[in-house]
Amino acid sequence: MSTTIRRDLPILLLAIVGFLYVAEWFFGGNVIPQLSTFKGLMGTMVSVIAWTAVGVGTIYGISSEYYLVRRNRNWQQYVTSGSMFLMMIIMAIIWIWQWSGPGRAVGYAFQSPEWRWWLMNVYSNQTQAQYAIMFLYQCGAVYRVLRVRSMETTVFTLAGLAFILKSIPLFLTVPGVSEIGDWVQGAPTLGGTRAATLTASLGALVIGLRALVGKEQTTIEVK
Amino acid sequence: MLNTALVEQFLRTGRVMDILFLIFVWLFVIYYITKAGRGAQLPKIRRIAAIDAIREGVGRAVEIRKPVHWSFGNAGAYVTDQNVSETLAGLGVMSYTVGLCARLGARFIFHMPGNPEAIPILEGTVLEAYSKEGKLEEFDRRRDLRYYGSGMMVFTAALAQSFMTEGVAMKIMMGRQPTCMYVALEAAKLQGAIVIGGTARWTAMYSFVLTCDYLFIGEEVFAAGAYVTGNPYMISSLASEEMAKYACIGILALGIVLSLANINFAALMKN
Amino acid sequence: MVDIYTQLGVLAGALMIIGQFTMLWKDNLYFRVTTRIVVGYYMMYMMCYYVAMIYGRTWNAMTVQGEWWWAVAIFLGLLMYTRISRQYAWIAKYPMSIALGAGVGTVSVALLRAQVLDQITYTVTDLFTATSAYALFNAIVIAVALVTTISYFFFTREHTGPLGWSAAVGRAFIMCSVAVIWAGDYMWAMAMLSGVLSYMVNNFIKGLMLGGPIS
Amino acid sequence: MEQKTEEKTIWDKIGTIDYRYIYVFSLIMILIPIIQPIGIPMKVGSNAQTWHNTIVNIPAHSYILFNYYVDLSVWADMGPILVVTLNEVWMIPKERDVKIFFYSSTADGAVKMRDLLVTLCKPPQWRTDSYGTTWVDVGYIGFPNEAAYASFVMDFKSLILRDIRGTSLLDVPAAKEMAAHAAPTDVLTAADFDLLIWSSWGCTDPDMYVRQFWASGSPPYHVPMLMQTIGNCVPNVVPYVGPDKPIRAFIPGAAGAAELEMITGLKGDGTKMADATDLGGVATVILIALGNIAYLGGRFLGKKKEEK
């Protein structure tokens, strides 16, 4: 009984929803419109389920941070974790305070000057700084990895270089740079990308079919 | 060539080729799964170096007493759309890794992606793997599961911080990734970790090529997911993937022949 | 005259940027604090945002239009919280299965047309619609790339003999494709760095510290 | 136990420079033109020219659908394109009677647009005075996935009920006129537009936009597009670009914006960044050369030294 409720019924539920989706792809629209209606409704319902579950993640996030504080009772940890909790409280206060108001839409908080201040100055700059760090990291990789050591790294270096030169205004004045870059982008890259996408789709497709017939282990044996 | 009006009474417009191809693949999936059920010999799968490297990495983690870190990217565990397969394949490899960590005594830290709806299956897989090794008590959710929301660069910064403060012996990253996960991979590399990973999202593949010691390239992600489970049904169904690839090459050849014979291949495929 | 909120904003932005950049040197408290600030921000942002989404999508529909099934969806979402208890964690498998069913159903069909059949069709039509020798050459390269790259992804046969050669050529095409994507990303990241430096020079140093204009 | 340290050759030294020096070198190269602009000459590519021509030569009485997508985290790269494009659109003369429908698919877009309209992208006075009749802005429409977009192209009302001033969508004269442009005449659909200007840094988005705004509909909508993107999405965009294909032209990142700024004469952040990109590119070539000199030197010349 326990196995039926805990394992078999969820798998059955998965298969029913999955098969209805597959059926809609082929027989929805004008043939059996109810299937399309079902899919439309189910799509939004699944979104609502996912949105509602957002708190689960937050609970996990808070509890692991709290655990860190309890394990490392030193001022540095208090400052680090404290800054996270404080930030959460500040944003929650702004959100509740600015949720809506006379003449404003519900959810106005995200457009309010207070929320925007944190978004545009704190979050946005942290994110841009990480992208900038990504560039510096990549400079390290350019120097370390892009060497003509093997067939693969040679192709990688030459193709990458062709595209970089083509993207830099200064080098476009050199004859041939633009044409070589265009060719690399338009022929070998397109072919490679096309095949990689195609094979990955086939792999994804087989996993989907396996899950539909209840033979995908990761969906079966979940505690 | 086809009686479109007749077909459209039973099938949506432009779905004939889709259904034919799907039936073709499906038949092979069922054939190989049935064959595996009968205990027939499993197809031989070529070695994927990254899988062997995981064992090596866990061994190293035990030796140098630093943790193994796993992540799916900032929001890489999609379950409600077409990226679900990548999540499932990643979970297969994760289950294998957690099992090794539990058996050999390495600490496993899981930086969960910002898809809250996937948490049950993510945590469930970790629990399952510990439980299979009979070491469920060694898993502490508050210590080893992390959550930072789905902000891309917030996630990379949080990972980098974790690598620096807690150390990292091996970093594995699978699932659907954005390209900026490069920062997290490189941060692990700079901390001296063995870095393993791959994605079927082609745009992000370069991050792995530049940083990883061992790679899963594109579709290898899916093959690896089946291979590590040792499950005969899953391994045997890999052969159906190969059949689909032969079919694709066959369709390409057929297209060339038909086009040479002045038959409009593109119009035929539109059905 | 720039107002105090803008000035404080530039200061906060610069402090965040410097804090994040310190990770390039080594782990430090400043970096950890700036990271935790945005982790806190983002987790709360997701919470608030999704609650607003649920409210916007379902509240009126339920209370005004009588669409009761949204209550079922919210209930199913709430079942996800049983995950927190070890004893009742299995209940979360039900809403999870519905979500997975939608994903699995989509993946089983949605990729077929655009990512498989259309890609083969394009490869054939490129070959037969080429209007110049250059275009034909490119179309042939694309077709060769397609076949050899697919051959790299054969798993049930060892890469030896002709398959070994074909897979090696396929691997070269894979590297070429990956390299071009990387190069594009590299250029983008370069622009991001120059944006950050520009902010620091123009807004923080020239604007805030030297009293110039802030953009 | 005393360990014997091997003496490093010159090739080893060149090949193992500490990564922090590499960072500092790259930082300095990018920083130089920010402190002191150099003004390195550049060439305008065909994409930027087509982009410009498409907007400048848009036929009279056309309807433009404009998605002012902004993600603040990539503003440095994509922002300059939006600024110059928006200004180009504002420059279309009044006599041409071109009407514009603005929306945003990002929350950041709605926030940033408010600032832009009063600072960098101020519309001409006649546009400001004729809001509602010559242009309409509906703000943020939520973060649509493909299913939502599929409904959106069939009927804008599935995602938009009012414009930013709170007027019901089809009560706005411009929107009503646009809806009447193509059948069905009382519903605003993708078919009502002659040009779609959009942007995204999601590399798989071109597939979705092409599916929805070009291929879907009966008959297909076939809305020509101009796309703003980032550098690494170029391989995903290219298959759809051409005079008879869905995307007429695309601008990849700030470097592309610089070209647009050069054509239009509206100098902005793109031009400033072009210098930085130039010197950054030079730094990249130097780094690749250094790495390879070290490798090849060590491999071919290093061995000879050992043999001696």
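Order as written gives the chain letters A, B, C and D; numbering starts at 1 within each chain.
The working rule: a contact is a pair of C-beta atoms (placed from the backbone, for glycine too) under 8 Å apart; a residue touches a chain by one contact, two chains touch by 3 or more.
Worth saying up front: this structure is predicted, and the values here are computed from it rather than measured.
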item: Joint neighbours of chain C and chain B, given as chain labels; value: A, D
item: Fewest hops from chain A to chain C - one hop per pair of touching chains; value: 1
item: Most central chain, Cα average position; value: C
item: Chain pair, most C-beta pairs within the contact cut-off; value: A-C
item: Computed distance of Cα centres, chain D from chain B, in Å; value: 31
item: Separation of mean Cα positions, chain D and chain C [Å, integer]; value: 17
item: Chain centre separation (chain A, chain D; CA means) in Å; value: 20
item: Multi-partner residues of chain B (each touching 2 or more other chains); value: 18, 80-85, 114, 116-117, 119-121, 124, 147-149, 151-154, 157, 179, 182, 187, 202-203, 205, 209-210, 217-219, 223, 238, 241, 245, 248
item: Residue list for chain A, restricted to those that touch at least two other chains; value: 25-26, 43, 46-47, 49-50, 53-58, 61, 110, 120, 123-124, 126-128, 130-131, 133-136, 138, 140, 142, 156-157, 161, 164, 167-168, 185-186, 189-190, 193, 196-200, 202, 204-205, 207-209, 211, 219, 222-223
item: Interface hub residues of chain D, defined as touching at least two other chains; value: 19, 23, 26-27, 73-76, 231-236, 239, 252, 255, 277, 280, 284
item: Chain B residues within the chain D interface of the complex; value: 81, 152-153, 179, 190, 203
item: Contacting residues of chain B [partner chain A, same complex]; value: 8-13, 15, 18-19, 25-26, 29-30, 33, 80, 82-86, 88-89, 91-92, 95, 112, 114-117, 119-121, 124-125, 127-128, 131, 141-143, 145-149, 151-154, 156-157, 180, 182-183, 186-187, 200, 202, 205, 209-211, 217-219, 221-223, 225-226, 229, 231, 233-234, 237-238, 240-241, 244-245, 248
item: List of chain A residues in touch with chain D within their complex; value: 40, 43, 110-111, 116, 119-120, 123-124, 127-128, 131, 135-136, 139-140, 142-144, 146-149, 157, 161, 164-165, 167-173, 178, 185-186, 189-190, 193
item: Of all residues in chain A, those that touch chain C in their complex; value: 5-7, 9-11, 13-22, 24-26, 41-59, 61-62, 76, 79-81, 83-88, 91-92, 95, 106-107, 109-110, 113, 117-118, 120-136, 138, 142, 151-153, 155-164, 167-168, 183-202, 204-205, 207-209, 211-212, 219, 222-223
item: Residues of chain B that touch chain C when the two form their complex; value: 14, 17-18, 21-22, 43-46, 78-85, 114, 116-117, 119-121, 123-124, 147-151, 154, 157-158, 160-161, 164-165, 179, 182, 187, 202-203, 205-206, 209-210, 217-220, 223, 238-239, 241-242, 245, 248-249, 251-252, 255-256, 259, 265-266, 269
